[in-house]
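What follows is a set of structures to go through.
Here come two complexes built around chain A, the first alongside chain B, the second alongside chain C.
On to the complex of A and B.
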């Protein structure tokens, strides 16, 4: 099989699994499971956004949750003021993208190194968290939407079919929307990475100086990657605000940022399926552990049900032992095994 | 006039506490180029060590100034052996692993101590400036910061240990050829940085109280202070703390504490954009 054919086959497999989930889940499971799967799908979109900019762009952003939160808040505030969700949906993508463009201009055109980039994005996330967290009073409002500070914004109106205010998306519709969005974003990113642009950003990740000598301006390409990642994260934020009809400043929090990074590193940098697998796997794991052992119990149960403890141990373990992530490591194993099998067949 | 004196003390205190929480990180980052994102949790552990020791009847001064640094220094040594050692030269990976460590420690302390704030009443009472009442402990924190920075400077400048450490950081292979074991130096440096962080955590425990997630409040501030300061450990920490501490306290005075923090972080981002090598990358270049 040529590389092109095998990559098309890979996309086909992923699409087939995705479509099976899309069609079967609501038919096989109760609504509570469908609701859980919906949030997995939304978070997987978020994981893909970091999978693009970190795994392929080589930009380790510690503040991906800033764009996610901005998308969610933008949607909430806009839809509460407008009452109709078409423009708010667009805004929830555009506002984080513009914010990322400004921030990224600052970072990439200042030629700030990897490490400082991490610290700056972390700092920006903290600024947003602190600012939004302190807006609890009634004097903080945008139009008719109160920001609510640490209480968050409850009762966000759901998405409606564009331009038809009365056709709102219900819970099951939200599942279809989230899953379809995930598949769409996946295919779009595959297409992007197969394009000339995608090849250039990977080249820059591999060797920035060489790419520059070949005539590509790394600043432009990195900035564009960063903005695309932010737009996707913002869209995920919009879906998330719809899922619970609620946003609170914790989505800007460091815990959220850490989770996104853990999803990507566990699944595997430099793949797109990896972050999706990592995201769904980790979320399923934390939900299962949290449900089995309430955090108030003492002794070993408190340790097992302790989500930060488990996530921290997973992150340390993966960095030390499986730095490439699950999928690339499995891929390497398969590659080691295949030639032998081919020889044996001959 | 009284108000000016009060404000001056507060600004000085903001600077001192910033320098105190950053100096341990500055040593670890400046000398080993290791980014320790569990720094905030080291501070938190220092606070718990002081409070727990005090609860078991140890004198409060010994608890803060001796027990806290010793406990956190020991933890630092263990962390260096088990995690950091395998990741030298892989800056991004150390960042991720120590972030994992930070989550792990938050989870562990929540399980052990519970998710509540514990405190330690500040000793020394208070004194008056005109119609304002100021805690004498504030002055103590300022003094500790001065002594700590001075001690680190003297250590690096005048002792054999400091000379060996600086040599190993500048050129590990050359130092090894001259008979120094770089691994030992790295271990000692990391433990020393952790111990100073524990000291800061212990000393600040009576001011802020301690709870498992308090590290988040510290980590970004100490990072930008270290990065804003640049390569020189003591001078960098001192100048960056002076700048950011003053910005923080004056903005707090003008608006609210929350926007004081925001002003600090925003000032840091502008500074890093203007001086990517930090203050000592441009000024005081030959300082320590």
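On to the complex of A and C.
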């Protein structure tokens, strides 16, 4: 019961912080900050998707950005054709999920090992990158939506209140939607992980052979986890396309794929708060470093402003020094201190 | 007459140029307790892997109550009521003892019943005091008990035990003997074990493997006095 109590307390703390951010940010900060926080929230939803499939499902997907990008492009293309955003929103979740189901079927039922899974998912996202990148000509269009190649798709209509085309979500509304989405996805994943399904996927991560010898089919569970992760990433992609009213192929790129993994490594696998913390922390750092380095700077300033270099250093530092990530390491420290404190109290 | 619980016909497994198991005909009745012995590399573990679907035989068949399971996947065979405790304890090291048993019990039970099965199993295998411990941090002997508990929590009808007494203290071995007898009241068992004293205490019938084939099958005392068996396997152990 204490484990359940502390788990509920954890959810309560996260919800309290989340609600505080939700209510206070627009009241305390200017719109540019609110816009930045909105994209942090959207990316944190994306981070949660990998946090689930890698941290709990043990599936190291290098191409989570493929599902993110598919969600964004699906929304963009659908909403430009339909005008009303209800069905495009649904499609932005369903299309990546179906794509993941097909890809995952061949990966998991073909018994492809972990390393190759990483290679295949990375390759898939790069194929998408190159494919979409080379659709610049006017002949590349789906309905009335031109794909635009490297220039991407600008002017994507914003989400509207379901079935009410004229009630569009404005910039501040996007902030509320993104933050509420993050909280909802977090709570839903907590519930999923507390369920029988969630416990079984963790057991499969721990020892797939044993789980199978107990009668669980790991392929079914891994495929389901992969699909759920893709659906969440697709939803994040839809929010992202809304945030800037714009998508471009860089969404499928190597940098984007690598970032998601760095967020999860830094925040900590096997937790849900970890990827959120890692994602927001790294993005804040990226923005802060980028802002300090105008393009003409040279010398040390340029070095500090070289964001990929700094991110690479952070990644290596964490892998070598804090391999479990921030949250689990803090948890370990707390666990080490607690019994001592209990003894001292006696 | 109903089909035996397990029956293999001409069962063989070849890895490249090595014939690990050859032409094994093996029959186990419902609720029978059988021991498998044989020198290292005799094919006992490979035989177990073919019974549980971890390996698919390259020749012959395995039947469970008359149903051919030679090509079945491990989870399908597990669902037919076959549980295995492997040679090296295969458990969920990152989870607690209770969570380990929960995963197993949840496969065959639902709702509040899962918890009662887990509680009963914690008592049966004597792990109640360490129920909240992370399994990876337990001693080898205790992890053996965790695995036994995990296997029994799915309530299988046939239990395969691969060297259950390995790495256990004398007291733990005595408890394992008791537990095997207890399990055998309701379930069939096949036990691979090197400890002859252990086998003497539990077994009625012994199958001796040698070089991938069945050398002889007989009662434990007859096996111990069989000169061929002594030559290939027992040697000094019996004399000592």
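Assume the second predicted complex is superposed on the first by the 343 of 346 C-alpha atoms of A that agree within 3 Å, B and C clash if a C-alpha of one lies under 4 Å from a C-alpha of the other, contacts with A are read in each partner's own complex, and residues count from 1 in each chain.
Criterion: a contact is a pair of C-beta atoms (placed from the backbone, for glycine too) under 8 Å apart; a residue touches a chain by one contact, two chains touch by 3 or more.
Just so you know, these numbers come straight off a predicted model, no measurement behind them.
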item: Which superposed partner A:153 touches (first chain B, second chain C, both, neither); value: neither
item: Chain A residues touched - chain C or chain B, whichever exceeds; value: B
item: Partner chain in contact with A:214 - chain B first, chain C second, else both or neither; value: second
item: First (chain B), second (chain C), both or neither touched by A:231; value: neither
item: First, second, both or neither for A:200, with chain B first and chain C second; value: second
item: Set intersection of chain A contacts, chain C complex versus chain B complex; value: none
item: Touching residues (chain side chain C, partner chain A) in the complex; value: 52, 54, 73-75, 78-79, 83-84, 86, 90-95, 99, 102-104, 106-108, 150-151, 154
item: Chain C partner contacts - residues on chain A that touch it in the complex; value: 196, 199-200, 202-203, 206-207, 209-218
item: Residue ranges of chain A in contact with chain B within the complex; value: 60, 106, 110-116, 118-120, 122-124, 126-127, 130-131, 133-134, 254-255, 258, 261-262, 265, 295, 302-303, 306-317, 319-320, 323
item: Contacting residues of chain B [partner chain A, same complex]; value: 35, 83, 86-87, 91-93, 95-97, 99-108, 110-111, 216, 220, 223-224, 227, 256, 258-259, 261-262, 265-266, 268-269, 272-273, 276
